[in-house]
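So, here come the structures, one by one.
Note that chain A is present in both complexes that follow, paired respectively with chain B and with chain C.
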Partner chain A sequence: MDLSIEPNLHSLITSSTHKWIFVGGKGGVGKTTSSCSIAIQMALAQPQKQYLLISTDPAHNLSDAFGEKFGKDARKVTGMNNLSCMEIDPSAALKDMNDMAVSRSNANGGSGESDGLSNLLQGGGLAELTGSIPGIDEALSFMEVMKHIRNQEKGEGESYDTVIFDTAPTGHTLRFLQLPNTLSKLLEKFGEITGNFGPMLNSLAGTGNIDITGKLNQLKENVELIKSQFTNPDLTTFVCVCISEFLSLYETERLIQELISYDMDVNSIIVNQLLFAEHDLEHNCKRCQARWKMQKKYLDQIDELYEDFHVIKMPLCAGEIRGLDNLRKFSKFLDKEYDPSKDGEVIYELEEKN
Partner chain B sequence: MSELSESEKRKILRERRQQKFRAGGASSRLNKITGQIPNSQLSTESSLDTTEANEHTKGLSNDEDVYQIIDSPEGNEQSTKEMDELIASISKPPSSKIIPPKSRDFSPTPELSETPGTVDPFSMLKAMQGDAEGNGSSPFDLFKAMQGGGQTEPGESPFGKDPVDEEMVNYHKYVVNKLKAYSILFKWLFFILPYVYVVIKSETLPFELPNWLVNPSNFFTIFVAFEIVATSIYYQKLQTFESDNNIDTLQHNNKIAKLASFIPNEGLPIRNVRDKVFMALHYWDVLSMFITDICFVLILMGVFTYI
Partner chain C sequence: MAFYSDNWVVYVALIYLAINKLLQYTISHHKQWKSKLPFPNVRVSRQRFLEKRHEIRKLQIENRLISAQDNYAQWTKNNRKLTKLEKELSSIKEELTKAVAKNDKLLGTLKLVVLTLPFLALKLLKGKHIVYHLPKSDVFPQLMSGVWTKGWLYLGLAPLQMLRGRSMSAVSITEVGVSLGIWLWALQRVVDTIEFLIKQLFLESAVTRPEPKVQEVHEINSDKIELD
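Then we have the complex of A and B:
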């Protein structure tokens, strides 16, 4: 029986079951680079499948990472037929909702300028009001997930085999992942209320065209479906990204513990920005040696604490990893681990391309 | 043994990982990390360490022992044995899963020394704001609060956990009720009952008592004097309990006081309405005890007159 754990993401990259992959960690550790790399490697390994990379971080970096503009609608990455990207933009989504409300108000015979509500909406009032609600980014990301599930069920729009989330720093992400639980409980309570007052609520809805109970039940079903999918290790996994430093390691451990408490699968840790200074004698410096010594101390601890995890050690490159070509080169170390004695030149190749 | 599928291998490894986080392992892992830095102020309390896990680790004297279990070859052997059992029952769903704690653990009878102090509004604000960078423990604290899915316990504020521990309030209520019951019992049995009896039945007594004591015209003076002394002792004792438990009895036991706490002190035609209501409630509390005793006296008088 082989239970050995490879220090790479080969099993995830070639996985035929995973539908949702979350990539997260502390701010500034290389989440976007890692999520782009995973997405690219998966798309390359299984060209028959469609992949979607979604950024749920309010401070989007996907466009910068690929060097092309992505928006709130999924768009294919230039040079890759089976990988699309999108950046969830709360303000744009809220503006759309605001515009829809305005057009609906006008269609219902809103009395133009004299209508107070219409006036408020015309100025983007709804977007302004809701934009400041805490957790709105997470809620919109969650809506996006629900939309994709609905599309897959109905066969409408573009459907994707795997969705990779480039998440916001830890706090935001945990809020997002907790949403199915919170919503499920909330809807359960709503269900009890609508069970008693359903007909009354429906009649209050006005025309009777809106079936509130039905809509709530449908929403609840969707939320339950997401909840069950997020806790199924065959369908969902979380890839933690960190750097070999004290605070990052501490936060990674806390993140993993929180994820386990949500019953979510987490089995991979990408350790970014490693210097491997002893293999780089040509460009060696005192500061690099000292820094590498410190990194090694935490690496030893990571190896000890996470012996049952896929720990992927990624090198710090000389330049920024931007553009599809650079990302492709860098991402191959997720599939086959980086060997500092053999793969050292890649670090400087990336610099030359920049 | 037949080759394991990727899914089965994943399941076994997942179980093996979870085992290491169970039974106090989560906190000791955090301890291990923070141990790298001298004087680290980061919290090592883990949300995974449930009561169940605490029971499992009962008997372990300190974290060192937990490390030994995790790191020792015996621990690994045990883990391997459990793994073999798991593989044997691979088709079965996992028998256990880690349950996130809903709240902090409190002992059934709280220690007076563990009473919570006043709430630090800055720490509450910090927890409510959430940290975009996820630094520190505030996002996790926020999540702990969200674990209930917005459900609140009776008596708990819908905006978060009540600053005063509910368990402690209940304990305080119990202590105050006990004090009240004992003081009434003491007053009625050891003063009012014999005193009313000697006043009403002074002629039938086999022994002589001072005239000022048995004279009915002095009854009200003596009774009121006793009431003042008894009430003073009662409030003295109550204040001791309040300061020990750090709980204001009136604010937690009285519904009117709870409602009055919502009244702003400024901006109304009458200033300090809230304080005035509290003062009135205090007076009413004293008066109600006095009225109760008077009622008891009247009943006794009636009973003794007809005996």
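Then we have the complex of A and C:
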């Protein structure tokens, strides 16, 4: 039995268990191209399943990548039956939700009917808290995203087997996974305080006001539910995207360590924009060679550091990888690794289509 | 004034008192002394703590000497090790704090059992033990000693005694003894007062007299008003 790790994402692309796939990394490393490529390859490999690609990056570029407009409601990619895309800004959605909760609360004199997240926000009262508890902002945003996916599934009448997240490059995307621990500590302190000053706090808060402990308990339960799925390596994985440069590698290492601290499965790194200069005899130049030499130096370091990871080496193409056809061509190197001596032509084929 | 020098109760009480005072005076050094006590749990944890800290410093120096860009893998491996070691160090630190707290509690219990409780028991059981008796006649005036021991009746009967030609001193005056409880209390008060005086006179720095504040006096010398 061969136990060596393949330098491709074939096992993920053909996986029948994964429900959540996160693609993340710093800005400008090709996250969107990589997430689109993974989504396309999965959709092609398993046509009987439905896939949803979500961009949670406020600077959306799924529309640009596919060359068609996507919005906050899921829409199928033209030319693909089983891949839908949507672009949502979780923090903006959360803000809208909060504003709505405030207005509803004002309109109903604080006794309006509310459900789910809006109930949690309770008249915008918890907005004050979101800035002060690490991870709570992300948790609320993420719950809003999950709720949106559920609503989409209800509306479309079909459920998604796998959801691929093109995450924002802000880091801390999954910081909320440590929220149950933070909330446990916080609730413990709250318990102590309310035990001592409960009646005084109640009189200060006034009747019908925020039941903070109850709301935080509810939030903790919700987050724990999500966490149980996200920390299951059969259901969820994180794909890191980087380029072969010092700062990008440094940030990737930090991201990996952070994800490991959240007990998340992370075992794939896509290294983008590689020059493979020695095989590119036709268009070879000194600058490309020098740059490739530097990239190779960092690739060696990556191989040494991430022995047990799928390290996928992707080429730098002559033009922007946009449109379904170009993405299809490029994405196949995720399933079967790029061989510069055989597949070199693709780099310029893409350029011709732009 | 008779002092029963062969009384062991007094000597034991004095020893307890001296130990208590000694502990009180040396309170600022207790932490240091406790750290030198050979508790096995603290010794092991402290050894591990020092080893880990040394290891961390060594790695930090090594990482500072290598170029992160040229030896990225080595540098990152060192950073991973550092993170791991720092976590271990903080858990050892926690362990150490717990061990010290446990030992502090143990020492506290020891002090309670060896010093506080026996001293309290001594005071309770032997509190009424007479340390010495006050002299019968020469401490207070005769009249006062008589009233003290016999009550006001002694004063009322005094003229009768004189008429009968009896001396006032002929009346038997009961012996007045000083108990251990009172004696210890008085002794402690004397020691505390001496301590206070020494502290105030020699050890505390003198408080400087505050400068009197000169208040500015605003006087209206002119009734002219400037117009804009």
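One rule holds for everything that comes next: the second predicted complex is superposed on the first by the 235 of 354 C-alpha atoms of A that agree within 3 Å, B and C clash if a C-alpha of one lies under 4 Å from a C-alpha of the other, contacts with A are read in each partner's own complex, and residues count from 1 in each chain.
What we mean here is this: a residue touches a chain if its C-beta (ideal position, glycine included) is under 8 Å from a C-beta of that chain, and two chains touch if they have at least 3 such contacts.
Being a predicted model, the structure only gives us computed values, none of them experimental.
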With the two complexes superposed on chain A, say which partner A:L249 touches: chain B (first), chain C (second), both, or neither. both
Tell me the contact category for A:G27 with respect to chain B and chain C: first, second, both or neither. first
Partner contacting more residues of chain A (chain B vs chain C): B
For A:E158, decide between first (touching chain B), second (touching chain C), both and neither. neither
Classify the contacts of A:R175 with the two partner chains as first (chain B alone), second (chain C alone), both, or neither. first
With the two structures laid over each other on chain A, which partner does A:Q257 touch: chain B (first), chain C (second), both, or neither? both
If you stack the two complexes on chain A, which partner ends up touching A:E6: first (chain B), second (chain C), both, or neither? neither
Return first, second, both or neither, reflecting whether A:D339 touches chain B, chain C, both chains, or no partner chain. neither
Identify the residues of chain A that lie in both the chain B contact region and the chain C contact region. 246, 249-250, 253, 257, 298, 301, 305
In the complex of these two chains, what residues of chain C are touching chain A? 68-69, 72-73, 76-77, 79-80, 83
Please name which positions on chain B make contact with chain A in the complex. 1, 3-4, 6-7, 9-14, 16-18, 20-21, 26, 29-30, 32-34, 36-37, 42, 46-48, 83, 87, 97-100, 130-135, 137-140, 142-143, 146-151
Within the complex, chain B is touched by chain A residues 1-3, 5, 11, 15, 17, 26-27, 134, 168-172, 174-175, 178, 181-182, 184-186, 233-234, 246-247, 249-251, 253-254, 256-258, 260-263, 265, 267, 297-298, 301, 305, 308-309
Mind pulling up the chain A residues that touch chain C in the complex? 246, 249-250, 253, 257, 298, 300-301, 304-305
